[in-house]
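Look at the two complexes coming up: chain A is in both, with chain B in one and chain C in the other.
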Partner chain A sequence: MSANLLRRAALIAWTALVFAFIFAPIVSTVVFSFNADRFPSLPWAGFSLRWYEAIFADASIQRGLTNSLIVAGATSVLATFLGFAAAYVDYRYRFVGKIAYTALVALPPTVPVVILGVAMLTFEGRVGLSGTLTGVTVGHVVLAAPFAMALVRMRLADLDPDIEGASANLGATPWRTMTGVVIPFCLPAILASLFLTAAVSFDEFMIAWFVSGVNETLPVRVLAMLQGQVSPRINAIGAIVFIVSMTLVVLAQILIGRLLGRRSKEA
Partner chain B sequence: MRFAAVWGLPPLLWQLAFFVTPLGFLVAMTFWSVKNFRLIPDATLANWRFILNAGFFRSAYVYTFWLAALTALIASLVAFPAAYTLAYRLKPATRRFLIFMLVVPFFTSYPVRIYSTQIFFSPEGIINALIAPLGFGPVSVLNTPTGTVVGYLVLTLPLVVLLQTFALMNVPKTLIEAAHNLGCGRLRTILTVIVPSARVGLIVAATFTFVLAFGDYVAPLYLGGSKPPTLSILIADQVKSGNHWPRASVVAAIMILTLIVVMTGMLGLAYGRRGGRR
Partner chain C sequence: MTGSKAGPMLEIDRLAKRYGDTVAVADVSFGIEKGEFIALMGPSGCGKTTTLRMIAGLDTPSGGEIRLWGRRINEDAPWEREAPLVWQHYALFPFLSVAKNVEFGLKQRGLPAAERRRKAMEWMERLGIAGFAERGVDQLSGGQRQRVALARALALEPEMLLLDEPLSALDPHLRVRMQSELVRLHRELGITFVCVTHSHSEAFAMADRVVIMSEGRVQQIGAPREIYRRAANRFVAEFVGGNNLFSGTAAAAGEGLLRVEGPFGTALAPRPADVALREGGEVTLVVAADRIDLGAARSGAGNEIEAKVVTLEFVGSSVTVFLETAGGAELRIQRSLRQIENTPLSPGDAVIARWPQDEGFFLPA
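Now for the complex of A and B:
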């Protein structure tokens, strides 16, 4: 029996180590963003907000943050619309080439972002989009739409296919059915994907790095700062980015959790 | 029909215009030439010949491939006991919480995490401060291939644990209980019952690790110190400083080909063969 206990303890210790490895960089980012000392080392040099003051006084960081927020906002609306449309088409229709159609929407996250970045740059350079926030948004929508599609499709799996027929029999047009039945039913998934795609865009740095030119987004600014000296300002930015993204993800997760909770109750 | 087109066409057109076209454009550009720093549409194989014959490309290719494969192996082995614990040894509520926790890293800035890791392993960093009293060290991981692998693990480990946990949770409980009832030991149950049943998920997890590591730019640059450079660093250098986009496109095209081959191979391994048993 004690061998059993030992085995269990070993497994849990190993799991704890794996989690420690995963979370140590995140925790230390937040912790050292409040450290007074310039070099992040132990012992702790005292609580300070000077790095936060430093980044809020830095115009290039502010511009980066504004750019990131604009791109994330535009990306979330566009990607969610496209993802919803693709999920609905997949749910509702059967046609030749449907697998190719869904694959086309779903594939971008499997392509390394460094390649997407170069491809976007060469292409957008030709059509005059490179160096603009529109150019960054376009790339982010391509990358984020698959996540929106997955979320909405998951929700649509629970929508009885006969309901649309019933709605039509009662005299509703397809448009009326869409706005009155399908969209309200998908609303939690739509909201979740708005948050999730915003978070995907807000943290994306590679496509943005290639495409953004002088209109740097915040992660691109961070990447540039990494080239330079050790600076706790990076921790402060990291902590702020972390809080923004986590807020978005927790909101999305609550909505998804509600979706799944309802499904398991219905089942 | 018009209704269907209103919903069906926008995603199709968007992905064709901004996903397929740029990738197609990238491939087309591999045949262009550069004269006086200007791109000229062309049909030359010079870029392919240059890259394929370049010693720096060949060594970078072998290095990147090998390191990504090594990472896939290490990540799979390190993650498995953790996924096993999550799937079978913890209460459902704890498991749900930890699964949620594993999603968190995807939404933190990856460059910032690499920056933190860099500081951990720096000569005056926490790792060396912790192991010095024990009589170890100092370890120098930064600017070595080991540093790159550590960075790859920072990137991929959460995903591998997550995918492996889902794979293990999908193994029918009855199968495991049957094995135990028939007197099969724990290790043997894992090797002969659990791993084969979860094969698809485990292989998918390893494949994703490979894909992510193969294309990553941040870890080999900031933890590996670009010594030696990986393919993604070659691409970035050719584009950002070398200003030779066609050559960068050749490297990118070769990376895509490699990933397609690897993914088909791994999926074949996951779903194919052993079908005779059924």
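Now for the complex of A and C:
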């Protein structure tokens, strides 16, 4: 019994240690973002909001944040729309080459982002999109749409194949069936996908670095700043980015958790 | 395009459905009168559900025609038809309340909210689910879901209701109750019911007429009694159950009678007028299990066959007695529990199976 307890305590301690190791850098970033001293060293020089004041006074950072928010917003809507459409095609139709189709849709996240970034730059340079926020958004949609598809697909797997027929049988046109049955059913997955794809875009650095040109997104701006000097302002930006991304991911996780919870209850 | 109101309400004319090389429905024709309760019955894969889906417009025929009041409806979209379907697994909308499910069809028809609310309530009350109006459908039992599915379809007040295996997903004790409820609804509403089932007891208990299908073709159409007493072919005789099929060689035997000899023994039956049965040829005699009597000794009247009791099977208040003749043929006899209690039987007993000559009939050659 006590050996059992000991083993249990050791396991908990080990798990805590792993988490500490993973989160220490993030925690230190947040902690030192409030440090009055400009060097991230102990002892702490006292609480201060000066680095936050500094970044909110910096026009280039504000531009970067605005750009990131615009790109993340546009990406989440477009990627979710495309992901939903791709998942619906997979759910609804049977056709030759379907496996190739789903593999192709799921492919982009498996391509190294450096390659994706270079490819995007080359291609968008030719069609006149490089250096624009539209260009960054296009790149992010390519990267994020597969996540949207995966989420919606998971939800559609639970949709009774007779439901659409039942809807048509009761007098609903295909459009009414889509808006009144399929989309409401997929809504939790669609919302989760909006949050998750926004987070993917908000954090993404490599494609944005290649494509954005003068319209830097926040991660690109951060790297540019790091190359000039190591400033505690980075910690403040890091803390903000962390909060935004975590909020989006946690919201997505809650929705996904609900989807899975419902599924296991029904099974 | 009004069409004439004379003739059957719905005509299925040489209907066919093929998926690539697979034939789901080969050639099916029958008519349905207004207000009739029709059962499409057959083993799985016989094409009954595909036929129903084509009536609803959910599948497009590869050949033939479906006419409603004389008008071809093959090309009508499912949402343009008035043929609501009660699905085997109900296919309720999981994210809507019971009331919203029942209102769904009315909403598609553009009824104002108050109106459809009232109508939905009416049907929910009629089907005894008004108390669950605001619940989600995933909180209901199978029987309650079935009622929601019925209310959802009937709220449209159609002239024809389609039912796909409506009882198969229910518990056995609910099945019997729902069966009589469907019959009652049909009588009260006076609309046409087209019901697909694989169970002959369901079909025969509920339907005015039964269409028996096999391998995409109609095997027999008729009232339940008619099909029970005069199977049109071997498939029907075997599928409806409760029949003895005696194979043997035919021989002439007096005025209007034919004698059959086989492993079961010898029996006489009326010579069919419409079938060319050759003397000396192979024939199959059908005798319903509930028309055969049991006795201890020969009486000299009708057909009499000596056999031994093999086993007794008790199902509720009816008992099936399995016998074996000296020639190795099997006989099944339907008795009531009461009859068995009055004259007990046990395996190994020697008995005489007896039936009047005109109770047997020959299958077409």
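The rule we apply is simple: the second predicted complex is superposed on the first by the 250 of 267 C-alpha atoms of A that agree within 3 Å, B and C clash if a C-alpha of one lies under 4 Å from a C-alpha of the other, contacts with A are read in each partner's own complex, and residues count from 1 in each chain.
Everything that follows uses one rule, which is that a residue touches a chain if its C-beta (ideal position, glycine included) is under 8 Å from a C-beta of that chain, and two chains touch if they have at least 3 such contacts.
Values in this document were obtained by computation on a predicted structure and should not be read as measured data.
Q: After lining both complexes up on chain A, report clash or fit for chain B versus chain C.
A: Fit - chain B and chain C, as placed by superposing on chain A, sit side by side.
Q: Which angle, to the nearest 10 degrees, do you get at the Cα centre of chain A between the Cα centres of chain B and chain C?
A: 100
Q: Check whether A:Thr15 is in contact with chain B, with chain C, with both or with neither, and answer first, second, both or neither.
A: first
Q: In the overlay, work out which of chain B or chain C sits against more residues of chain A.
A: With both complexes superposed on chain A, more residues of chain A are touched by B.
Q: Just checking: does A:Gly171 make contact with chain B only, chain C only, both, or neither of them? Give me first, second, both or neither.
A: second
Q: Which partner does A:Leu6 reach: the first (chain B), the second (chain C), both, or neither?
A: A:Leu6: touches no partner chain.
Q: With the two complexes superposed on chain A, say which partner A:Leu49 touches: chain B (first), chain C (second), both, or neither.
A: neither
Q: Regarding the shared-chain residue A:Val181, is it in contact with chain B (first), chain C (second), both, or neither?
A: Only chain C is touched by A:Val181; chain B is not.
Q: Please indicate which partner A:Asp160 is in contact with in the superposed arrangement: first for chain B, second for chain C, both, or neither.
A: The answer is second: A:Asp160 touches chain C but not chain B.
Q: Rounded to the nearest angstrom, what is the minimum C-alpha distance from chain B to chain C in the superposition?
A: 13
Q: Identify the residues of chain A that lie in both the chain B contact region and the chain C contact region.
A: Shared contact residues on chain A: none.
Q: For chain A, which residues count as touching chain B in their complex?
A: Within the complex, chain A touches chain B at residues 7-8, 11-12, 14-15, 18-19, 21-26, 28-29, 32, 39-42, 81-83, 85-86, 88-89, 92-93, 101, 104-105, 107-108, 110-116, 118-124, 126, 138-139, 141-142, 145, 149, 174-175, 199, 203, 205-206, 210, 219, 222-223, 226, 230, 234-235, 237-238, 241-242, 245-246, 248-249, 253.
Q: Taking the complex as given, what residues does chain A use to touch chain C?
A: 160, 162-163, 165-173, 176, 181, 184-185, 187, 266
Q: Quick check on the complex: what are the chain B residues that touch chain A?
A: For chain B paired with chain A, touching residues are 3-4, 7-8, 10-12, 14-16, 18-23, 25-26, 29, 78-79, 81-82, 84-86, 89, 98, 100-117, 119-120, 122, 124-126, 129, 153-154, 157-158, 161, 186, 211-212, 214-218, 222, 232, 235-236, 239, 245, 248-249, 252, 255-256, 259, 263.
Q: For chain C, which residues count as touching chain A in their complex?
A: Contacts found on chain C: 56-58, 77-79, 81, 83-85, 87, 89, 91-95, 104-105, 108-109, 138, 152-153, 156.
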